[in-house]
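Once you've had a glance at the structure underneath, I'll fire off some questions.
So that you can tell them apart, the chains are marked A, B, C and D in the order they are listed, and the count of residues begins at 1 in each.
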Amino acid sequence: MPTTAYNRISGQSLERIAALSDGVFAVAMTLLVLDLHAPAAEAIHSEGELWQKLLPLLPRLLAYLMSFLTLGIFWMGQQTQLNHFERADRNLAWVHLGFLFAVTLLPFTTTLLAEFIEYRSALLLYWLNIVLLGAMLVGSWLYASRHGVVKQDAPPELNRLMLGRVIVAQSLYAFGAALCLFSTYLSIGFIVLIQLHYAIAPRTSRLLRY
Amino acid sequence: MPTTAYNRISGQSLERIAALSDGVFAVAMTLLVLDLHAPAAEAIHSEGELWQKLLPLLPRLLAYLMSFLTLGIFWMGQQTQLNHFERADRNLAWVHLGFLFAVTLLPFTTTLLAEFIEYRSALLLYWLNIVLLGAMLVGSWLYASRHGVVKQDAPPELNRLMLGRVIVAQSLYAFGAALCLFSTYLSIGFIVLIQLHYAIAPRTSRLLRY
Amino acid sequence: MPTTAYNRISGQSLERIAALSDGVFAVAMTLLVLDLHAPAAEAIHSEGELWQKLLPLLPRLLAYLMSFLTLGIFWMGQQTQLNHFERADRNLAWVHLGFLFAVTLLPFTTTLLAEFIEYRSALLLYWLNIVLLGAMLVGSWLYASRHGVVKQDAPPELNRLMLGRVIVAQSLYAFGAALCLFSTYLSIGFIVLIQLHYAIAPRTSRLLRY
Amino acid sequence: MPTTAYNRISGQSLERIAALSDGVFAVAMTLLVLDLHAPAAEAIHSEGELWQKLLPLLPRLLAYLMSFLTLGIFWMGQQTQLNHFERADRNLAWVHLGFLFAVTLLPFTTTLLAEFIEYRSALLLYWLNIVLLGAMLVGSWLYASRHGVVKQDAPPELNRLMLGRVIVAQSLYAFGAALCLFSTYLSIGFIVLIQLHYAIAPRTSRLLRY
């Protein structure tokens, strides 16, 4: 089997991992909001009553916004990795399938958190989901950098930056989760701050800017 | 990191923003219609009874058609922008993730509007959703044109056309929403007319024709 | 705006119409089967009882299979057209968005048909859905062939074949729907036969073989 | 119709089969987990009670993990085939649509298995779903290798490897299903072992490594 053909095949695999991932992320992102139910029409007879029924949806909306941020951050993280890969192989595909499994769990852990916002168990399960997402990305990078999957023209400091970024983020998440000893609201607030930082704060390294 | 590699990576990012967007739009479009429930079989014993149960679904079907038009218009607007971009970066990706968040909210605000078609609150929330969609597209364009993301060969009048189009459309939507002071039906009728105009009316500028 | 840039942009539009369509078809196809509910565990105490509860799902499964065939046929028909297009423009995109709207309605009309399999109204609505799908494809082809969207190297007889195929198919569907004057089961049986013909029967023309 | 145009068209078809498949797999994978319902908030008043309600979800989570593995294995299997194809034609597309129909059935058979984990009927239906998936992949390969769809530069032993792999896997699945004569738990355990083997065990042939 000539090398050119092999590379072409592998390249397509990388594309299909990306395509499947985009699909899973798209469905998960849309399903997140699906649990926002409109109140039943029979129980409502005035504008005031409608607002009264809509207000309790606000914390739920915030929980979904938080999970949308989570999905956005990890979508971006996976994309950055895939952009630096030259090809994919079967093992790498399975690591990313594991990553996608963690993605599909997020609508469930989010609903759980939105429903039981004062329960530490709900928060811990949500956090475990984030840990799983991070672990899979670390696994993907470690595998890729050890099996020559990373592009030749990638800058030498990429390895340090890529792992460093996940480790810092996960440490912050762990600290945020630990805050539930005091209050789950404190935990959630801290986690949202971390996520907003990753979404909108200025980047320290040019390399991670895409 | 050589420029060529950087451009290649950024190009792929642009593709993946497009792919994720197509996924989110596809799911949102299909979910819109998911709320059209077939009537329960037990309550129906003749063709006449079936029609009687189906007729009340008509306003709901119209609300979904309106939202499908909304999604179509904004899908087209986003696509036109992405077509003029040369590359994507992290910040631009986040603006588009914000745009997609607004997209995922539309099935909720649509159901709310269909359920409470005579309530101004429902109409205002629906309108806010459209405002959010428009604001994100404006933000995307402003960011892109200020950070050199727009393709070099784009015509000079593109900037004026792109912003002008959104501002005109949003002014019309705002006027339509304000009509709810008189009647929400008037508002909805006016908004549908705006949308049909954008979907089928002849274009004044060749530049916006794709 | 140089012609090359314009063509590149239009080409991407065509790709995104295809991508959005694949997404909508994928969601619609998967949602079709979502209405197959597993029986409630509490009501079942033996293997025999489980079979007894599963058997009534069979006509529903057949209705879904029929709709999956419908979606498959129209996905293929749209794809054949898009393959012959050189570029897309705004109007063409809107025709295809209309086509996709008809696609998203199919899970609803299918559930309706599965629930009210002996009601002519349900069958007529299902048939109207198929007519709408066909009409949009005809509209797409007419627009494309009149506005120079069809590739230059397309064979001259393509126009006749493309329209002829849809007209023959739609005439058969109309005849099938009319059979509901005698029995809706007869209609459904005939429609399934048409669809199986289009899915597996030998093609008379080489041109339509992809 | 010149050969170049024909090849280009067919190539795009192959891409769109892949795109539709990625979409269907993405939706099916995400829907699998959708049946994990958060317990109702009213019934729960302490962390202990929440855990008590979450624990019964564990076997269900395992059933979903098993089906996610199934989908991952068959997604990979289909991808490997498509990577070796040079083009697609109408018949091949229909075989893959049949394959996708089997994919969309999996969320249903999975829910059935999760709900009736001690019932042989549920296990047999789940197994039949796997058989259908395998049969479609075999059909795809047989059609492709007999109609010159396989790439010219594919190694000669590919045919033997491709069929051998499916036959071995399906024999193991059949054996696993037969174990339900003793216990459905034994069956499920065995099937999960087969799947973990295909997901993480070292490959014996380099050719199947992507």
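One rule holds for everything that comes next: contacts are C-beta pairs under 8 Å (C-beta built on N, C-alpha and C of every residue); 3 or more make two chains touch, one makes a residue touch a chain.
No experiment lies behind these values; they were computed from the predicted model shown.
Go ahead and align chain B to its copy chain C using Cα positions, then give the rotation in degrees, nearest 5.
The superposition gives an angle of 90 degrees.
Looking at CA centres, what chain is most distant from chain B?
Here the answer is chain D, farthest from chain B.
Rounded to the nearest whole Å, what is the centre-to-centre distance of chain C and chain D, using the mean of the C-alpha atoms as each centre?
24
Please compute the C-alpha centroid of chain B, do the same for chain D, then give the distance between them in whole Å.
35
Could you tell me which residues belong to chain B and also touch two or more other chains?
Correct list: 19, 22-23, 26-27, 31.
If we count contacts the way the header does, which residues on chain D are in touch with chain C in the complex?
1-2, 5, 9-10, 12-13, 16, 19-20, 22-24, 26-28, 31, 88-90, 93-94, 97, 100-101, 104-105, 107-108, 111-112, 115-116, 119-122, 125
In the complex formed with chain C, which residues of chain B make contact?
18-19, 22-23, 25-27, 29-34, 36, 38-39, 41, 44, 47, 50-51, 54, 65, 68, 72, 75-76, 79, 82-84, 151, 153-155, 199-200, 203, 207-210
Which of the residues in chain C come into contact with chain A in the complex?
For this pair, the touching residues of chain C are 23, 26-27.
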